[in-house]
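So that you can tell them apart, the chains are marked A, B, C and D in the order they are listed, and the count of residues begins at 1 in each.
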Amino acid sequence: MVEAARARALGLACGSLPAGHRNTITDVPGVLVGHTTINDGDVHTGVTAVLPHDGDVFQEKPVAAGEVLNGFGNSIGLDFVNEVGVIETPILLTNTFGVGTCANALIRRAVRGDPEIGRQGPTVHPVVLECNDGYLSDIQAMAVTEEAAEAAMDAAEEDFAVGAVGAGTGMSCYGFKSGIGSASRRLLLDREVYHLGTLVMANFGRAGDLRLPDGTRLDPQAARIPEAGSVALVLATDVPLSHRQLRRIARRSFAGIAWSGSFFGHGSGDLVVAFTTANRIPHEPDADILDRRVVAESRIDRLFQAAAEAVQESVLDAMAAAEALVGRHGHTRPGMAEHLRRRA
Amino acid sequence: MVEAARARALGLACGSLPAGHRNTITDVPGVLVGHTTINDGDVHTGVTAVLPHDGDVFQEKPVAAGEVLNGFGNSIGLDFVNEVGVIETPILLTNTFGVGTCANALIRRAVRGDPEIGRQGPTVHPVVLECNDGYLSDIQAMAVTEEAAEAAMDAAEEDFAVGAVGAGTGMSCYGFKSGIGSASRRLLLDREVYHLGTLVMANFGRAGDLRLPDGTRLDPQAARIPEAGSVALVLATDVPLSHRQLRRIARRSFAGIAWSGSFFGHGSGDLVVAFTTANRIPHEPDADILDRRVVAESRIDRLFQAAAEAVQESVLDAMAAAEALVGRHGHTRPGMAEHLRRRA
Amino acid sequence: MVEAARARALGLACGSLPAGHRNTITDVPGVLVGHTTINDGDVHTGVTAVLPHDGDVFQEKPVAAGEVLNGFGNSIGLDFVNEVGVIETPILLTNTFGVGTCANALIRRAVRGDPEIGRQGPTVHPVVLECNDGYLSDIQAMAVTEEAAEAAMDAAEEDFAVGAVGAGTGMSCYGFKSGIGSASRRLLLDREVYHLGTLVMANFGRAGDLRLPDGTRLDPQAARIPEAGSVALVLATDVPLSHRQLRRIARRSFAGIAWSGSFFGHGSGDLVVAFTTANRIPHEPDADILDRRVVAESRIDRLFQAAAEAVQESVLDAMAAAEALVGRHGHTRPGMAEHLRRRA
Amino acid sequence: MVEAARARALGLACGSLPAGHRNTITDVPGVLVGHTTINDGDVHTGVTAVLPHDGDVFQEKPVAAGEVLNGFGNSIGLDFVNEVGVIETPILLTNTFGVGTCANALIRRAVRGDPEIGRQGPTVHPVVLECNDGYLSDIQAMAVTEEAAEAAMDAAEEDFAVGAVGAGTGMSCYGFKSGIGSASRRLLLDREVYHLGTLVMANFGRAGDLRLPDGTRLDPQAARIPEAGSVALVLATDVPLSHRQLRRIARRSFAGIAWSGSFFGHGSGDLVVAFTTANRIPHEPDADILDRRVVAESRIDRLFQAAAEAVQESVLDAMAAAEALVGRHGHTRPGMAEHLRRRA
């Protein structure tokens, strides 16, 4: 349940398109999110799972695309996503050194669901995105387990927490404590209602560079260390789209990141996975030629705008709910909400 | 009319899939090809036009993709093709210095067809591929005119010549005289007949590197100069495909080029444009969401094989019909058919 | 001579890094810019030339890279630039339908400089970027000539005009009259002074979306038509860089575009060409192995920031100097400076 | 110790360039290769490690590049390699479900070498390539351990086994038993001797499609199942090269794969990692601007040819030394050498 303060509650709504009911990625029907949060001594980390639908993702593969602005990172799965144009597992987010273990967990879960994987049938291709939480958390402990990954998937539901939870537990953004943020936008196409939602693990930006929607800068007065944390983005929609269209839309999330103040620092990986729940490819189709629906390209600008706005708001949302933390080695990140209150 | 010797008539059939009726790109229903051939003193060049259908390509845009193995060249249009996933003009082939003029001709022709282009509506994006025929032809003369480009499009029909005609007039391949070649393969999907056809302007390969389908090498005993000529490929099909799938199929044409003996030399640009006649996007769609059909990815291998085989055979076809030429500066390229006859 | 109002004179400086002496791309030593402006009835267009150095660019090829955020357009040359990692002609900017003619002009000029091009030696690969000025100018007239392109190159010097000149003559941005803008940033590396400069043909953005450096929105109260104009960017530096590094830096110009208010609309091509004057490749090197210098990757963030800031300021600069224009069909674009004055 | 039959000993030398002394990737000075082989019941798998030099790879990062022809797979690390242009760990090869565990092993080993990784300093980015050995081995057992990965790195030396060892233990190629193969080519640049070497985990190709260097086909008379195994390639050289040049060279390995008979099947991932030992980037450079050496682009064709030839021969080498295996579920792959002997 989303109990923490949201960006919008702090007056930080972004853009002009209407938000969905929850203003999270789960406004896209069927999408579920779950967390495992690990706070244990110097370890502040976890796993966040995004499930594209509540069925077997391997059997019903959503059309998907990946996009990379800055490949500085350890994420796995984007080569496959862009080659075949689908995801076939849930998407896991975790810390930089948890990718291998989360990939193993996704493989084992898929095999449990379909014992022919890697036997009669082809293998399965996990998708894991990551950010480096080593400033606040003991990343060398490699504390993420396959059980933690499983638990995040098992916990997935429509109502989920934002802020310093799950994979976001140890993340920082623009010098503030950060975590997982989310937002959504509502769209009309052929007079029907659709949604585009985003979920962001925001762990980037130099202190002092944060820009609020009204243009003001917010500076936690922390050291201006290089931008070296990364940002991982998941974009979901129920608008019918092709792989190429999803990739174009994913690219617009870079506008949302830039609007929040960043110039995409060298050490800050910037990766997006986008999927549509409207086009699903059966693992074993019963025909050679399949029907699909796609948005007319000349109507795609509203999806571009929705993606940029929702990503910008998701970044602020990740900070809005995250309280100050004193982490590993006494490293501290202040909370943005507290900072805003004091400033007001 | 295809009167010249074809690769297959010389015993140079490639692969195992059945060829279409004509064994050319026009086995794909609706596709038309036309040439303008320019032989004037030291000038041996021209234009070849591939029309994806006999309607207005700007109003009915075939889904398309471009792929580049070696970007050494001056071709225009692939950025647009891969961004929007369509072609909106015929595809022109010409020499390296004729690209600008052919692009101008495509723009003027499109404007004649739709006077709102660049006024109320958006602009139009021409596609022109090129190879360097400067060894045999005076490329500095810049002899290709907009009229030549127009004439090639006006001449387009199902029966077209291969060999040293059109844009292929001054081309060389593996030390032999070359030109335009074509081939096709027939496919069954859901028990219906489809075709995949290729048209190649073959102007690459070092003398001595040519490999025939049975594995033997063919050496014109010419100087082993660097591979610096380029190859331009057009791939057409009536199988319903997405942009991503077309791009994957286009990539398999590299196997066909390699099978003919090349290792993709530094100075030899290698570009493909692939389109399907089965998915057309109206310039002004009357709905936000459109229906499309695509092949099931698990059935795509037969298209990969068809593309590789047809490209390999198209390369041989380009040489099969091209007779020896003494061109600019006394430069000479022997004919492959004559060479094969003497060798037999 | 830069006489028109500059962005900085209007209080629109961007970012925190110091600007160079002229605050234009020609702060990079050796870089020259020239314009040909065409105002003739309904035609308001032209050509702008960026010369990377005052020598023969074909003989001394600057290391270069291209980057595409949105390939919606007709530009030529980026495939070659990214394959071989150099430019070998000046860079020309013009309108969407002038690309072919400008490419022809670049070829002819190169052949005059080296009569072996396309004979004994390889061909030459022109670079032309474009935007669609069809709202204010009669683009169907195809008014750009090879002479206009030549004249722009011949006129190139360190002091050059910004605003509605050259290729910028008929351009619009965020509903305002726009044109060519420029900016630069000064950098210290190993205690030596370097510059990074940008030149932008700004022809994008919906009316109402323009954001000033202080975060306020500026709305000309014009129709909110789709973003369909494109933006073409040239980035120059004397910092020694590799192709890969230039490409990373070029990608940061997307932050500058986003900071100005855009979400990268569907119909708005977004292309960058970046080059360094510090690494030049001789056309005929006298050794197999060449020496090069590159910036240490861990110091590259200052170049990222410089690129983002300079591009943002170049966009504002393009509008700052451009006065209101009533163009083709009575279409009108107000001037931003006048709008700011009235607002103050 | 390379004791098994080599491709060359079977008369299967490829191309015309001279091989290095060992005709393996370790002809590139400093490169080392080690294996861990796991044969345990139905499990036939392992790990193969390629060390670019015998120092600390994290402290001295070789310039590197990745290239993907078919992204169907689970490999990790290519995004980073292409973003920053280096590798900073050894390269591990393993089965499709061993990637996560091998990545974990690489991270732990790097942290042991530099305890500041992920603390004061940035994180480390492992590179792991994979193929699916599920036909012969019980891939669901996930039998690869971090210890196995460590052992492969610890065992690395100049003399190493080829054939069904290490990661190659359970691999198949064109219906034959396969494994790890290697080859090298010797090059002269500026009158000095250089080497380019390749190591291939060959696990692709339909039975019947294998083509020997003389053009003949070799068919094990096995079921023609779809090409679904993948091929992972490592390319090393001591020629000084940039990231862009390494990527171009890596792309030529596709010619070698095609020459062996493949058309790059849908389910067969095809990935290359290429590095040069001649350009190493210190983790903490002591200057902002660094010296580098690169090959003149006009001399790069000999490297292209070397890569294509060495990859083709490496594929044959992987089969030459691999004896027939009856694996999981009674699945059998005959040995190519035995097949050739019987045929002779």
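In the analysis below, a residue touches a chain if its C-beta (ideal position, glycine included) is under 8 Å from a C-beta of that chain, and two chains touch if they have at least 3 such contacts.
No experiment lies behind these values; they were computed from the predicted model shown.
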{"item": "Farthest chain relative to chain A (centres taken as mean CA coordinates)", "value": "B"}
{"item": "Chain pair with more C-beta contacts, B-D versus A-D", "value": "A-D"}
{"item": "Chain centre separation (chain B, chain D; CA means) in Å", "value": "34"}
{"item": "Intercentroid distance (Cα basis), chain D paired with chain C, Å", "value": "43"}
{"item": "Chain centre separation in whole Å, for chain D relative to chain A (CA means)", "value": "33"}
{"item": "Residues of chain A whose C-beta touches two or more other chains", "value": "70, 82-84, 248, 297-298"}
{"item": "List of chain C residues in touch with chain A within their complex", "value": "69-70, 211, 214-216, 226-227, 248, 251-252, 254-255, 258-259, 262-266, 297-298, 300-301, 304-305, 307-309"}
{"item": "Interface residues, chain C side, partner chain B - complex", "value": "68, 70-80, 82-84, 96-97, 99-104, 107-108, 111, 115, 117-119, 122-123, 125-126, 132, 134, 139-140, 142, 228, 267, 269, 271, 329"}
{"item": "Parts of chain D lying in touch with chain C, wherever the complex brings them together", "value": "82-85, 189-190, 239-240, 242-244, 248, 281, 284-285, 287-299"}
